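Each of the next two complexes has subunit A plus one other chain: subunit B in the first, subunit C in the second.
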Partner chain A sequence: MGFTVHFPVLIVVVMFFTAFISPLLYRWARKLAAPAVLSALVAALVMAAALLIQVQQTGTYYYHMGGWPPPWGIEFKADPLRLYILLVVISVSLWIFIYALRDLGHELKTRVIGWYYTLYSVLVGSMAGIVLTNDLFNLFVLMEICAISACAIISIKEDRECLEASFKYLILSAMGTGCFLLGVVMLYMATGYLNYGYLYQALVEAFNFYPLNIFTAAALFIVAFGTKAALFPLHVWLPDAHASAPSPSSAMLSGLVIKIYAFALFLMFYEVFPRVVLEAIPLSEIVLWLAALGSMFGSIYAMLQTDLKKMLAYSSIGQIAYIFMGIGFHHSLALVGGFYHIMVHAVTKAMLFMVAGVIIYSTGVRKIDQLAGIGRVLPVTMVAFTIGSASMVGIPGTGGLISKWYLALSALEIGRPIFVLVILASSLLNAIYYMPIVINAFMHQDEFKKEVKPVPPVMQFCMVVGMVFIIIFGFFSKPVVTLLEQAAALFF
Partner chain B sequence: MTPVIMYSCRASDKLRNTLAVATAAITFILTLSLYRFVVGGGEIQLTLFEVLPNLEISMRLDLLSFCLAALASFIWLLCTIYSIDYMAKEHACGRYYPVLIFTLGSCQGIFFAGDLFSLFVFFELMSLIAYILVIHEETEEALKAGYKYLVMTIIGGLALFFGMIIVFELGGTVSLGVGVILHETSLLALLAFICFLIGFGMKAGMFPLHVWLPDAHPVAPSPASALLSGVMLKTGAYGLIRVIFHVFSPEMLQAAGWNNILAVLAVITILLGSAVALTQTDIKRRLAYSSISQLGYVLLGLSILNNNAITGAVFHIFSHAFMKSILFLAAGAIIWKTGLRVIADLKGIGRQMPVTMGCFSVAALAMIGIPPLNGFLSKWTLAMGALDAQMPLYVLVLLVSSLLNALYYLPIVIPAFFEMPGDNNHDHHDDHELEFNVQEATPRMLTVMIILALFTFIFGLTPNNIAFSLARATAEFLLLGGAF
Partner chain C sequence: METLQGIIDNYYYMVAIILFVIGMYTMLTHSNMIKKVIAMNIMDASVFLMFVAVGYAHGSQAPIIRDNAEILYANPLPGALILTGIVVAVSVTAYALSLIVKIYRYYDTCDYDEICDIRSQE
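This part shows the complex of A and B:
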């Protein structure tokens, strides 16, 4: 094992440490600040990759902070699934950060950029923590950190709209955390444990004594994580927040942050609540139907939008629903589909927000109807948009198809073809709102009228990376899928 | 192997005309070079890589794929040559040629696909790329037609996806190389069949999913319409053949009676397509509706499911590809030269463009089914198949639709030669002498049309020509259990 044992905690610590030093660096050695965050992210990425290799060889292991064993000590768990999510989180953050380097100067005041680095590192660190932790209280703390830093990277833009949106987000998010804390209290009262593994065992017995408490806790968890992950109908904060934020923040929030909460809900369902509880109350069923509704309504709302970023934000609501479906089906194939979608959608949506960012950067246009003919002046950008939307729709050759494939397959496995129809219908809706933009961008007869600033090469590079990955996910998905199948098999 | 090379040479294609023609020619030659191998009964099943466990991109070559690939690449070659002159007047050639060749690539991909998944991938690729051909003119009308096309394509794609998933779920594989995948009828299998019917039928312009076709085909540039109608529609029929013979089995479909769904839709498609074609005033729209009804023949042949009928269907894929490309190319030549699209304006055009209209007439007669043209042979074989299956009703349908064909083609052909131009475009037509005022299309365009017209002759003249015997062999091959 050697030094790798400490990697889980080091990943989190490195990010938090970077968060502390980056404003200082920004103040006194401005040139070093961005490289510092970058190198922290790269280091975290390397550690996560090393851990994954390690875990694949030796199996899941637990890390006890300070050597204190649970139930009292803080425990981190490193299993293939968590490390997969961690890897996605860190690599996508790294990618978005590279993009942000160029875009931030345009949207933010120079003074606050150092703080942005701090918030960004805190956000990444807390997400990594949420993924790795194996303890409810720890999860609560990290969720708070995550929520606050997420609000802050919206409101850092300091205009009216952003403040309003982030305030809305803050309130709802606080409600979510409140619900979560209440749920945790219920479980603690019933069992006396906070550690996932211990809870899992203790709940089987406690369920006989305190069924109501445990029901309530489960309900509270759904509300808590549903709010934070924008599960329909708890999504109301998302469109404003994601649309008004600076583009790198939107990419981050839509691409990663909401998924982390979906993943946390998954952990609750599969690692905290034992089967007995889940069989007694149709929790998965509720999640499933909400997800089905969400995938429809997200798309329908998206159709009505006139602002490009708002549309993308609503589309996220539709897409996160697929992930919830993956959780709700309670089948290993569905998990593969759902988690594959976490990765695909993280990359796709982040790229689409980058595209939106580039369009705003170089032309200042935000409205969809003003994008006519823009494909001629920003070809790379709009090709990226095209590929991104193809992946959203699930056109073969893009990653979106693979996740839909698995979700649909598992819907059939559990004998509910109706959900295949839901998936297909929502794909069709996606097509209906994404395609006209693409068509208009390339095929419109009028020339694009606005003045166009050239797109910096770094931004173009980031978009090209996104496109390449989306296509790789579509064709060479086998290694990831195999990994996920192994990981999902652990839960059944 | 060869398909792989062909595909790669397609992807790296650049835009110059000659290069485009050269690629199309190379494709055709490479495909032809497979002839010996295929006729000897050879098959290749080649896995490129696995996308997911049990789900791969693979290539497959057998008689059926060879037939269609050879046909497609041949028509493509001619249309590309034709395009050089036709498109010289048009804008955005830099976009047109790569797209044309890329579509050829994905079309070949469809025909050489070794499993449903790769078929699906290439099918979607082709359909989506063809969108760019459809809206090439970028007019309001074209964009509208294109949007309709796109939405329908996506619906079709999703239906295919659904069908494929069901097959994968029930059979555990989607490979076309393992013989019949689904042996038992069940509700899900029926659902899968219907999904495939929607997905591929959409492409083939089957009623009631044909609504995109009459809008999309006429607005495309003529060589592209020729390809859309002549070749790309066939991919839908091809997909259905694959599904009927390799996913399900003919016996099973007949036992379950599902082929009747196809038959009923095919009959409606044939009659409706012809009937609506009658009412069209735009020449290209009329041709597009005619395509719908002609594809109905192919579907009808498929639904009858016996040797003669399948031979007829496959052969009709050939003959319709030739006939319809001539018609569209001729219409294109007329539009290119004179700008006339409305049928009523075409009086006397035969004197102005005798060769073009000559070819047009040959193809029109073939459509009607006048011997010794190829249309006759396919109808004859289809009718034989229908009689073999004790379905004289279908023969009646074929005859009625031939009559309708005659009703809508002859009023183009006859006035074109024997009436005076009604307009004041030409001042010296007062006497009733046959006066030729030849203003033909360019030699290159004419050559292409003449070659195609010759083929309609050759393929119709004798039932022992290459195309027909290939079709016959394919039918036998398919009925003998296909995949083995």
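This part shows the complex of A and C:
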């Protein structure tokens, strides 16, 4: 075994270490900087895969930081569900990084690219940490690291919109972390623990003595994670931040960062608060209705946009709502649907932002109405956009259908068919704003007038990978769904 | 009466909550960005105050173990955690201020409403 026992923490440490060396490499050995980050991501991916195989054989694995056992020491937990999310995070960020290698030179000044690698590695490392950690205070620290690096990969572009958008994002996410830490204090007052597992047991008894503390903590957690994951009424920062950022950053933020916070909220609901608390207050119900509203309003706002990246950003608000629905239904099928959607939407939305980046790179167009006829000059790009839109709508043969299918099934299982209607209606709304772009791009009789630069092969390769995976998710969902069913069974 | 006595006994929690609300309100409503950052710090400090207060018991001493074990010690864990929290808050503040400097160079103002006016005139 040897050092394999340290894999959970090594995944985080490798990324943070790369963050430190990449600007130095960029200054003194420029050719090595990008391969260093790439190899760190590959190493993290291999470690996560090895952990998943090990966990499936021997069961959930706990790692004690520095040998200090909980409740005092920090604990990392590796179970199939967390490792699944971790694999999604690392593999999608590896894929986006390959795309970024070509796109960054176009969007950023050359001297800051080394710093971009730093921020990117820190972001991936902190997300991996958020997924793996089993300690509330550690979660707080990693969330702040994630927030700062997520804001910084927007503001690194240094134009006016990016700076304003990242300031807004920073202020709202600081509000989120403030609320989160206050909630942590409330739970610590009531129980004296910060470890998820210990809290879960201690809260059952503490709930009799300090119900108000625990209610407040639950409310604060919903506000905190809702703000950070752009749950419907708290989404105001998202469109500006995700639309103005450089395209690889948009892909990263929309594809992964918001979902990590949704996953953290899931952990709070299922691993920290015991069932008695959730039965006493309708927390899931609140999340469920906000998600239902979000899935409608996100799409309605998206229809009104004229800027392609803004439209994609608003569409994320509608899509993150499905993941929250998966959490709110309190049913194992819904969890399968929600978590499948984390993977599908991460790939799809990242690919759509790549498409937007390619369009901006080769033609400079950002407005939707100027895209008429673009499908004939950028065929691969627009085919990728078509498949991505199909997955957003949930057309059979794409990954989007599978997650919506499971969500709708669980809505029927718990006897609330109204949510099937919500899912159907929001799918139709998605179709209303995605399909005209596709039709306009291929069928419009006018020729595309602007000058078109050829698309670099790396970018095309990345889009083709995205398309292939979306279709694989649509046709061969069995292995992932089996894994998720096993993981979800642990909670019911 | 019991409630009042409870509030008096635990006045430090009340102070923390009042500061938290002041900070959050100012952060979300004021248009001046510097004030937003100051309010963010007030909010963070209030949470830290509350966390440290949780670790204190009436009449307890600093947790340094001496010969006689009969002394009541304060819980050292919240203090240790809050040190980390302060570091995090400082780095967020530094980053926010650097953003304000950059924004000021573009607009010659750090007032959010004025920036919106300038942008709408363009």
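Keep this in mind: the second predicted complex is superposed on the first by the 489 of 492 C-alpha atoms of A that agree within 3 Å, B and C clash if a C-alpha of one lies under 4 Å from a C-alpha of the other, contacts with A are read in each partner's own complex, and residues count from 1 in each chain.
FYI, contacts are C-beta pairs under 8 Å (C-beta built on N, C-alpha and C of every residue); 3 or more make two chains touch, one makes a residue touch a chain.
All values reported here derive from a predicted model rather than from experimental measurement.
**Student:** Can A:Arg160 be said to touch subunit B (first), subunit C (second), both, or neither?
**Tutor:** After superposition on chain A, A:Arg160 lies in contact with subunit C alone.
**Student:** Give the label of whichever partner, subunit B or subunit C, reaches more residues of subunit A.
**Tutor:** When the residues of subunit A touched by each partner are counted, B comes out ahead.
**Student:** Could you say whether A:Val420 touches subunit B, subunit C, both of them, or neither, answering first, second, both or neither?
**Tutor:** The first partner, subunit B, only.
**Student:** So, A:Trp289: does it touch subunit B (first), subunit C (second), both, or neither?
**Tutor:** The answer is neither, since A:Trp289 touches no partner chain.
**Student:** By the touch definition at the top of the document, which applies to A:Cys151: first (subunit B), second (subunit C), both, or neither?
**Tutor:** second
**Student:** So in the superposed three-chain picture, is A:Thr482 touching just subunit B, just subunit C, both, or none of them (first/second/both/neither)?
**Tutor:** After superposition on chain A, A:Thr482 lies in contact with subunit B alone.
**Student:** Given the touch rule stated above, what does A:Leu170 touch, subunit B (first), subunit C (second), both, or neither?
**Tutor:** second
**Student:** If I apply the document's touch criterion, which positions on subunit A are contacted by subunit B in one structure and by subunit C in the other?
**Tutor:** Touching subunit B and subunit C on subunit A: no residues.
**Student:** Which residues, counting only subunit C, touch subunit A once they are in their complex?
**Tutor:** For this pair, the touching residues of subunit C are 20, 23-24, 27-28, 33, 36, 40, 43-44, 47, 50-51, 54, 77-78, 81, 84-85, 88, 91-92, 95-96, 99-100, 102-103, 106-107, 115.
**Student:** Within the complex, which stretch of subunit A touches subunit C?
**Tutor:** Within the complex, subunit A contacts subunit C at residues 72, 137, 140-141, 144-145, 147-148, 151-152, 155, 158, 160, 163-164, 166-167, 170-171, 174-175, 178, 181-182, 185, 188-189.
**Student:** Hey, which residues of subunit A end up touching subunit B in the complex?
**Tutor:** By the definition above, subunit A touches subunit B via 393-397, 401-402, 404-405, 408-409, 412-413, 417, 420-421, 424, 427-428, 431-432, 435-436, 439, 443, 445, 474-478, 481-482, 485.
**Student:** Taking the touch rule as given, give the residues of subunit B at its contact with subunit A in the complex, in rising order.
**Tutor:** 49-53, 55, 57, 117, 120-121, 124-125, 128, 135, 138, 143, 146-147, 150-151, 154-155, 157-159, 161-162, 165-166, 168-169, 188, 191
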